[in-house]
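Scroll down for the structure; my scribbles are underneath it.
Order as written gives the chain letters A, B, C and D; numbering starts at 1 within each chain.
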Amino acid sequence: MKVDFDIDLHHLTRVEGHGNIHISVRDGRLAEAAWAVVETPRFFEAIVKGMSAERTPFLTSRICGICSISHTLASIRALERAMEIEAPESAILIRQLAMYGEHLQSHPLHLFFLAAPDFLGTPSALPLLHTHPEIVQAGLQLKGLGNEISSVTSGRCTHPVSLVLGGISKAPSKEQLADLRTKIADSQAALDRTTDFFRTLTIPDFVRETEFISLRPAEGYPSIGGDLVSTDGVVHDENDYLLMTNEYLTDSSTSKFTKVSRESSAAGALARFNNNADRLHSRAREVAASFGLEPVCHNPFMNNVAQLVECHQLMEDATLLIDRLLDMDLRDTRATWKPRAGKATGAVEAPRGILYHCMETDDDGKVVKADCIIPTTQNNANIHFDLHALAEQALREGRTEAETEKLCVTLVRSYDPCISCSVH
Amino acid sequence: MHDMRFNIPGKDLNLEPFALKIPDFQKKCEVMITDKGYKSRITNIVPLSDHERLFLLRIVDPHERELFNFRPGQFLMLEVPGYGEAPISISSSTSNHEFIEVCIRKAGHVTSALFEAKQGAMVSIRGPFGTSFPMEEMQGHSVLMVVGGLGIAPMRAPLFWIGNHRDRYKDVRLLYGAKEPSQLLFDYQFEEWQKVSNVDLLTIVEKPDDSWKGNVGLITALFDEFTLEPEDTYAIVCGPPIMFKFVCNHLDKRGIPMNRMFVSLERRMHCGMGKCCRCMVGSTFTCLDGPVFDYWSVMNLKEAI
Amino acid sequence: MIYKVISKPEFKAFIDAIVRVNNAYGPCQVEIDAKGKPIYQFKPVKSADEISFDYTVTHSSAKHFFLPFRDELSSFTFTDGNWEQEVRYDAPPTILIGLRPCDINAINILDDVMLHGPYPSPYYLARRKNTFIIGMDHLPLPDCFCKSMNRHTVNHGFNLFCSDIGDRYYLSINSANAFSFLKEFKIEEPSYEDNCNLIERRKSIKNSFETNVEVTGLPVFLDIEFDSPIWQKWGDKCLSCGSCAMVCPTCYCYSVEEKFDIDLKGSSRQNHLYSCNLVDFAQVAGGHNFRPRNGDRLKYRYYHHYRGFAANDNQQICVGCNRCGRACLANINPKDVINDLRLERESCTTCVSTSPEKT
Amino acid sequence: MNHLGFKLDKVKVGSFDFTCCEGCQLQLANKESTLPEFLGLIDIRNFREISSERHDDYDIALVEGSITRSDEIERLKAIRAQAKVLVAFGTCACFGGVNSLKNRIPQEEAIREVYDGKKIETMPSMKISDIVEVDLSIPGCPVSKDEVERIMVGIVTRSAVSLPKYPVCVECKQKLNTCLFDLGEICLGPITRAGCDAVCPTGKTACLGCRGPAEDINFPSFEELVLDRKLSISDMKEKLGFYNGFGDYLDHES
């Protein structure tokens, strides 16, 4: 059977930002499969030059509306390391909690609003309000919990206000923290319901071996800072992020591509899992096992499952963290600091993978050079090559154009790409 | 009401809570004091012009309907649930206990919602509020009413009153001016006022149309049309601020004492009860000390005009 | 009124006992400002240790316990072709600790405004009745001018008032409840010495005022000065930010808004504290603004405070706490404005007196 | 709601984004507690970020982001042609937002910095109203969902849709915050339009003016305040320039 078709998806829906898929099949053979990012560039690295270090995290936060806390904290980490600022321990824990909040907001957003419709065959999550009300309710509860953790810890759920250089400008009250703790406990049932629901969905069978990159801190599941590691055995210091990215430009995209040891590499929940499964709590481990997810898993569709596993992990981690915070003095959460020249990298695990901000300051504490490498950038090449492999597999399996298209968009959405962020 | 208990640990105390009962206001004051209004049905809507309509409101509860008494010149707060409240002059006869008439110009959100409302719609009214025209004091004297545009709304109540007690007043004259003939509202009542109430009605418009045969010009032009005995005349002036400034000035020159001229002021109002201070003029509130003021007070009020 | 004395530790035990089980607010240090001075606010407290008994003044007044910044007046529930209105004005019992005489006087003034006249406010009354006030005297700060306003002492409007006489408090007990709670603690009859100490304390407070604002005859004076250029001069500085009115214990002007519930099944009418200094305070439908200039608006605030409105018997409602002066970012304070007005009249020069020191 | 004798229809909404972080659109899916009711008010006809279904029969267009490329101008004009009410949604759309910081540097330099001189099309960032007529502005970085809800309800019910005219300080004082000026910082609260519930000062960081100037602000007095407290003018300028809402005031210097 010889088929000819072109799949040209302009501005893929249900993802953040503007990306296109192009697949062309000639005579039943794959002629081209490409992933192109057509987002308008915003030149953050250029505009941040000359800005005071103090203000910079507020600016870089605006790189992304979904993972603004990660961007803020990546900048803060880079600048604090560059200017040798030591934030109080309480502040470090609150920031950590803010990160958990962001993940717990972002993962449900992706799982329920962006990914689930693919598996249920609806154009959006809106019809699910009627067909699966209890699942939507659970999704809203989890996402709401994530947002609430973010608001309590950082003042607002998008574009945090109290995460500042030197610490936290206004710490949450103990009452707020205790309240969060209860809410987390109350949300466990919703998460379990969600987990059961996702177990009923069919995850496409597709494997393309690749290299998974993530952070690996001295202890615990990765979040803020740590070594840069890969499933191919690479280990680098945080400051050597360039060795982990090797950015290059392609003709079709305004976003750059990256690679490490192979033609492409992948970051995100699945990568974090693949590198750090040993750091999971038992509950999260059980959930992973129940989906047959074990390291190293090379099926990109399983990124959805990895996100779910992480939700279990983070709810538990958040509770432990709150317990520690409740025992601490939260009155002084901000260190004073003096500007100075320096340069350092801040790496954090954003919901979609490792995020690097490298910052150089002058004596007055003004930023003189900045470099930001975004998780989706690090996934672009992998998406591109995955599309190729997936399209070929689909052809081999004799799938129709419509089926192929659906598989391709589901694949891209599984990465939960954050496109406007990748073109910053 | 919440209870408050003072528990002093270690000591066995059973003290009465200090939270007191809220006294029953309704008994103490005849006027309504809470935010609760009288539920009323719009029983009829009469279009008057492109932007003005007359609404007939009927208080639903018979007892409340009986209770609602007002004096000419007073206003009420008309609530359109969901949209908000607006201060509106009562435009009907004080002796009409069945309906309250309000004449409304479409000006903003509340009034626009009212214009969309259908017959039978449920609104709410609070009031009456404010001061009124001194109908008793004017007895035995001539009354000169000067009205510009929508000023006719608050003027209808005194007109009805005079009609009901025509023998108590000497000459009653109504000067009524508007921009265009179509903006002379209630023209269907002109005859009634003239014939039944024996009111000398003079109208004038600024911009006549082809069919207009009457006077043309500003309302002050009508003053040359009649003579007046200043010592024996009371004047009521309703209309835009700029108008009553001119009119009152003129009447002042003609010798009417300032405390015998009455005007009705308009300000932004939110509560109608002298609390929100939105309507203050000088040191008084339009809602409590007004809207009807004598001209002497207005002259002495800072920023009144 | 019954007078007693209580030792400071015993007083603290008393406070501790009542705040533990009640909805209580007291002065707490919330911040140290750039000059190293502490900033206090009335905050919820659960134990006496959280209260700064030796506080100077709170940045915001206690007004919002009686007139919340936002308050629901009534709500509507829509039914088919009809609606129901519900008005609620119940208030949870609350204890306020540490109010200064001027703060209590301010509440007494609000009582006049809200509870007298033809339309007493049930919302206010409910809160007022259910609030237990414990007052405390203090030495004036350099910029306090409550003595000029004759509001530096108070003899009603509280349940309990404490004067600091060294190692004890001299208590003026003004309610049966206060008395019965106190009976469970060690209170004593004031001795001759205690009485002397109280008089000394009062004297020393009275003599410690550093800021004086000449307010005699001010109402008439303000009427005469209505068109004075001084208003616009200060108006030019005014940021129209409403900070003064928000912190002032007696500014009560408000705005009413009605909004639909998000499901459109009902609506709610709310009032929220406004300020005559805000740009659209006197704006009416169609956009006309009766007070378009900063100076006109600023003047109105001063009129309300120092001339008084007919609705509250033309009484001056400022209590002289200078909270507005401290909060004002543009350095406008009653003392300077009033002195400036007077100077303009008295010497016909436009020289400005020096500002009182901010605390 | 038919106590007034008329029914209210859902409004057909399209949500579109241009150059931005999409944080404002994301707010539409936030405030989970009232999300189902919110979605009950509107009929989403076009919203790429959350739905694959796209129709072009919307009445209300929420336009997020600023304009930085020529193809965006055409897209925007097409949206304007369809929409009965075009809403500038968020600070980038209303004022240009942080993207406008790029306008201070030559475009080639920016491209060189980020793309090593590769050919990239871009142009100085513009706000929506530079290109098409805007019917309604909802500022905020990001927009406040409470305000968006209020405005949407206002549109559906045809009741009041307006922004506060007064500055952030009003809300800040109501939160009993300590003024940042007292803590030695410059805050744009006195000149910025309220409506955000003073989130930034409440989190003890300076207001950077994302909601643009309040009505009839007294800028000279604000500058005076900064000088008076001996605070840094360059810091003030950095703050004023952050979201581009105060361009008019930054330009004519004192």
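Please note the rule applied: contacts are C-beta pairs under 8 Å (C-beta built on N, C-alpha and C of every residue); 3 or more make two chains touch, one makes a residue touch a chain.
Quick caveat, the model's predicted, so the values are computed rather than measured.
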item: Mutual neighbours - chains that touch subunit B and subunit D alike; value: C
item: Pair of chains joined by more contacts [C-beta pairs], B-C or C-D; value: B-C
item: Centroid comparison with subunit C (C-alpha atoms), farthest chain; value: A
item: Distance-to-centre winner among chains (Cα means, whole assembly as reference); value: D
item: Distance from subunit C to subunit B - Cα centre to Cα centre, in angstrom; value: 36
item: Intercentroid distance (Cα basis), subunit D paired with subunit A, Å; value: 25
item: Separation of subunit A from subunit C, taking each centre as the mean of its C-alpha atoms, in whole Å; value: 50
item: Touching two or more other chains - residue numbers and ranges from subunit C; value: 78, 81-83, 257, 260
item: Shared interface positions of subunit B, touching two or more other chains; value: 81-84, 120, 122
item: Contacts with 2+ other chains: residues of subunit D; value: 1, 3, 5, 157, 159-160
item: Pairwise chain contacts, counting only pairs that touch as defined; value: A-D, B-C, B-D, C-D
item: Subunit B residues touching subunit D - in the complex, by the definition given at the top; value: 80-84, 109, 112-113, 116-123
item: Residues of subunit A that touch subunit D when the two form their complex; value: 11, 13-17, 40-47, 49, 51-52, 55, 58-59, 62-66, 68, 109, 113-114, 117, 123-126, 129, 140-141, 143-144, 147, 154-162, 164, 169-170, 249, 254, 420-421
item: For the subunit D and subunit A complex, residues of the former touching the latter; value: 17-27, 29-30, 32-33, 35-36, 39, 44, 47-54, 68-69, 72, 97-99, 101-102, 104-105, 109-111, 113-116, 118, 120, 122, 141-142, 199-200, 202-205, 208, 235, 238-239, 242
item: Subunit D contact footprint on subunit C (complex, rising order); value: 30-31, 33-34, 39, 41, 59-60, 64, 69-70, 78-83, 236-243, 246-247, 257, 259-260, 262-265, 273, 275, 278-280, 294, 327, 329-331
item: Of all residues in subunit C, those that touch subunit B in their complex; value: 17-18, 20-22, 73-74, 76, 78, 81-83, 85, 87, 89-93, 113-114, 117-122, 125-126, 129-130, 132, 159, 175, 177, 180-181, 184, 223, 226, 252-258, 260, 267, 269, 271, 274, 276, 281-286, 290-291, 296, 300, 303-304, 307-311, 314
